[in-house]
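Letters A, B and C mark the chains in the order given here, with residues in each chain numbered from 1 onward.
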Amino acid sequence: MLLEVRDLHVEFRTRDGVAKAVNGVNYSVDEGETLAVLGESGSGKSVTAQAVMGILDIPPGKITGGEILFQGKDLLKFKEEERRKVRGAEMAMIFQDALSSLNPVISVGDQLGEMFVVHRGMKRKEARAKAVELMEHVRIPAAAERVRDYPHQFSGGMRQRIMIAMALALEPALIIADEPTTALDVTVQAQVMDLLAELQRELNMGLILITHDLGVVADVADKIAVMYAGKIVETAPVHDIYKAPAHPYTKGLLESIPRLDQKGEELYAIKGLPPNLMHIPPGCAFNPRCPMAQDVCRTEVPPLFEVDADRGSACFFWRECLDDTSRD
Amino acid sequence: MGRYVIRRLLQMIPVFIGATLLIFVMVNVMGDPIAGLCGERKCDPATAAQLRAEFGLDKPLWQQYLTYLGNIFTGDFGTAFNGQPVTELMATAFPVTIRLTIVAIFFEIIIGITLGVITGLRRGRPVDTGVLLLTLVVISVPTFVTGLLAQLLLGVQWGWIQPSVSSDATFGELIVPGLVLASVSLAYVTRLTRTSIAENKRSDYVRTAVAKGLPRRRVTIRHLLRNSLIPVVTFIGTDIGALMGGAIVTERIFNIHGVGYQLYQGIVRQNTQTVVGFVTILVLIFMVANLLVDLLYAVLDPRIRYA
Amino acid sequence: MPEQPPYEEEEFHHGPEGPPPEDLAIAPTGFGGTMDLGSSEAETLEKTPGGPEGTGPTEKPRSLWSDAWRDLRRNPVFIISGLVILFLVVISIWPSLITDQSPLKCDLSKAQQGSQPGHPFGYDGQGCDVYTRTVYGTRVSISVGVLATIGVALLGSFLGGLAGFYGGVGDSILSRITDIFFAIPVVLGGLVLLSVVTSNTIWPVVGFMVLLGWPQVSRIARGSVITTKENDYVHAARALGASNSRMMLRHITPNAVAPVIVVATIALGTYISLEATLSYLGVGLKPPTVSWGIDISSASAYIRQAPHMLLWPAGALAITVLAFIMLGDAVRDALDPKLR
């Protein structure tokens, strides 16, 4: 297994209390495989990714438990300097907003070349040649001329390509993409996503795709993990989940996607608000918003039930949930 | 860029005229320009009238101003109370004040930015709180008090420096006065750098730099510092004009014969030409410094485009 | 995306009673700009101190001001500086509360003498009691600071507010005028203007500060009015036919006033400092007015022989300015949530 996250716990200590952002997450991704992590903001999907990358702000963040096994070794036991050498070289991250994630006052060529200067000890000139090569690879037109340009001089889609080029520079084994297309125009989204998927196949990388867009997921992901209040509530191969979700939260997510065949009908919305991470409700964290909630949901924390060999659901009533959907 | 500079230079003209006119009017209307010319006593009416005619003071104010402005462009700034041309006074006074300002700016950059970076990176820690409190104290103590205290302690009590600066006013002698002059701005530079660093530290591009696996030093210097210093550089640039104008207090305390000293003499003796002449130059320096800062801004931040 | 328009309309119909569509957990961000219920709840998440919260929106909606006040009450810097300022204001009104002597009753034979019983700060160059003079000096400093600040804040926000609201030629002219004032060094302007004034009241000094100080506030007020003017709710009010004066009073003023208050509080400290500086240079207040600046100025001639004459009024001055600047700092932190 390329990456295995085991029982990860992350907290944020603020002056008003402790926010439990990640509460026992398990997931794994193999070479050439794509794992989609789904969830609304505050579900802990980005925090988990940042913990894996080792870019969590500590303090106020703190990893309070668990293991992050990368190529068999626990990254949490690494010293910061060893960890730094893994970052960018062995695993890389693509961020959501390329405009703010690229340094506004350094040319894109220097920002790309920096990877080679720091990790490979290249001279600036060689690194610049590499940067042009990378930009061509992600199909930026006139790369040789544009290598001296600054991020704000590129269009949104081009900037995201540069982000991707930066992540792929040293051909890492794992890429974490945090909502890589959310900030883009719809028409550009597909292009960028296709490029990412294509490069992933080419380099046989593991990809963790963090998103709230179920539409993107269906095309590229192999398996899905749905997160809620810092926990994984459902994990399954991508097609199973679309066919029949085994958790009411997943079901709610699927039903709230606008569909062409439902024109005119009122859209479904999950009731209530996401939980306050400082006061997560007892029992199942989703119970105050769940249409199927029973007494047991308010007192006991549901474990991740095995639905299938490669499928799990953290709902006491996953059977009912499955049956309910297949009847529709 | 060239067009922008020209537009800015054109914009400077009304500000320049406005500011000099304002000072000209203040000095002429409020004070009696010939009052100082007869020594300590009041001039007798006949002499006064003669002097007025001689200096063109019997003409309307706007005419006087235009004549004055015309003279300035031919390099004639008039005569000081002691009969010296004002330009001669400037030639001796400005180098001194410029040296003093250089020392002050040097301290702002070295001490202010260093403290700002340290506290910005360690926000909320004891160092940060301590320095922050110190900057507040420095801002709160008026410069003349800081100066007098420095003179008392370093000059009189401990004898580290001469309490007053010689007429040469070398860089060495100007270290303590320069620090005093810089003190308040230095505290502002510290606070500004701190805020800027702390803000940018949380920015997305710094997170990207960390995710790229860059060493901490490189992240801080190449990515964080470069962006954070843009507003600081702007502040320091605009401060040049303010420092030269504000040097009046420091120069008085340490008996430095610079711009402030000459201006003070000019005001005390109500010599219009000295005051207006020096202020005119100071206003010019202020405006040119601001223009240069704006141009520098475009160099530091490629997103800024002047057209 | 043909589905969008009906969806957005839906948002209005839901109104405050129904769950706002933001609840739709994974709605793309930036979808609903008209209602901001979601974000206020998100703030609760960050800031609510311990104690179980009931489900549902039990808390009253909080404004910028009540939020700021809540923050200030817990801020030790605010409490300390506030108490110091309260004390200073009280003794500037009733100096006799803490001294029973007169600041003008002097005994030349005691000139420059140090601390002694009943006269803890010693005597100054004229043989006046330094303690009493320091106490009485509070009145002048506070009055000058407060009056100048009020003048600057009123004039500056009036002119800046009008310029920002109406824009156009008036705005450009005002901007140029502020440029002119910014180009004149303050101390220098003070020297020129005040050197010929013979009045020994505080009014010329206050007037001068208002004259040179208003552009600073005007610039801030103009900026914040322009920013506020662009807010959606102001556009909405305009679309609903609100008149200009109503918009200014009800919608723009309350929101544009915060930055002016912050600047004014900090400026108050600097005006007190400026008054002392001008008095030190001999153009500010004049005896027999009792002012820290005058006392420091006259003491500076005897700095070698009797430094105590300088240190006490200078200390009082520094503490006063510090208190106002710290208050301004705390108020700014409270009113600017971005800096939290």
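One rule holds for everything that comes next: contacts are C-beta pairs under 8 Å (C-beta built on N, C-alpha and C of every residue); 3 or more make two chains touch, one makes a residue touch a chain.
Since this is a predicted model, take the numbers as computed values, not measurements.
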_Maximum centroid distance from chain B, chain identifier (CA atoms)_ = A
_Please identify the chain lying most centrally, where each chain is represented by the average of its Cα atoms._
C
*Could you give the separation in Å between the centres of chain B and chain C, each centre being the mean of its C-alpha atoms?*
25
_Please tell me the distance, in whole Å, between the geometric centres of chain A and chain C computed from their C-alpha atoms._
46
*Calculate how many whole Å lie between the centre of chain A and the centre of chain B, each centre taken as the average of the chain's C-alpha atoms.*
53
*For chain C, which residues are shared contacts with two or more other chains?*
none
*Touching two or more other chains, which residues of chain B qualify?*
none
*Once bound in the complex, which stretches of chain A touch chain B?*
53, 55, 57, 84-89, 92-93, 95, 97, 100-106, 114-115, 118-119, 150, 152, 166
*Residues of chain B touching chain C in their complex?*
14-16, 18-19, 22-23, 26-27, 30-32, 136-137, 139-145, 148-149, 151-152, 156, 195, 241-242, 244-246, 248-249, 252-253, 263-264, 267-268, 270, 275, 279, 282-283, 286-287
*For chain C, which residues are in contact with chain B within the complex?*
176-177, 179-180, 183-189, 191-193, 195-197, 269, 273-274, 276-277, 280-281, 283, 296, 300, 303-304, 307, 310, 314, 317-319, 321-322, 325-326, 329, 339
_Touching residues on chain B, where the partner in the complex is chain A_ = 202-205, 207-215, 218, 222-223, 226-227, 230, 300-303
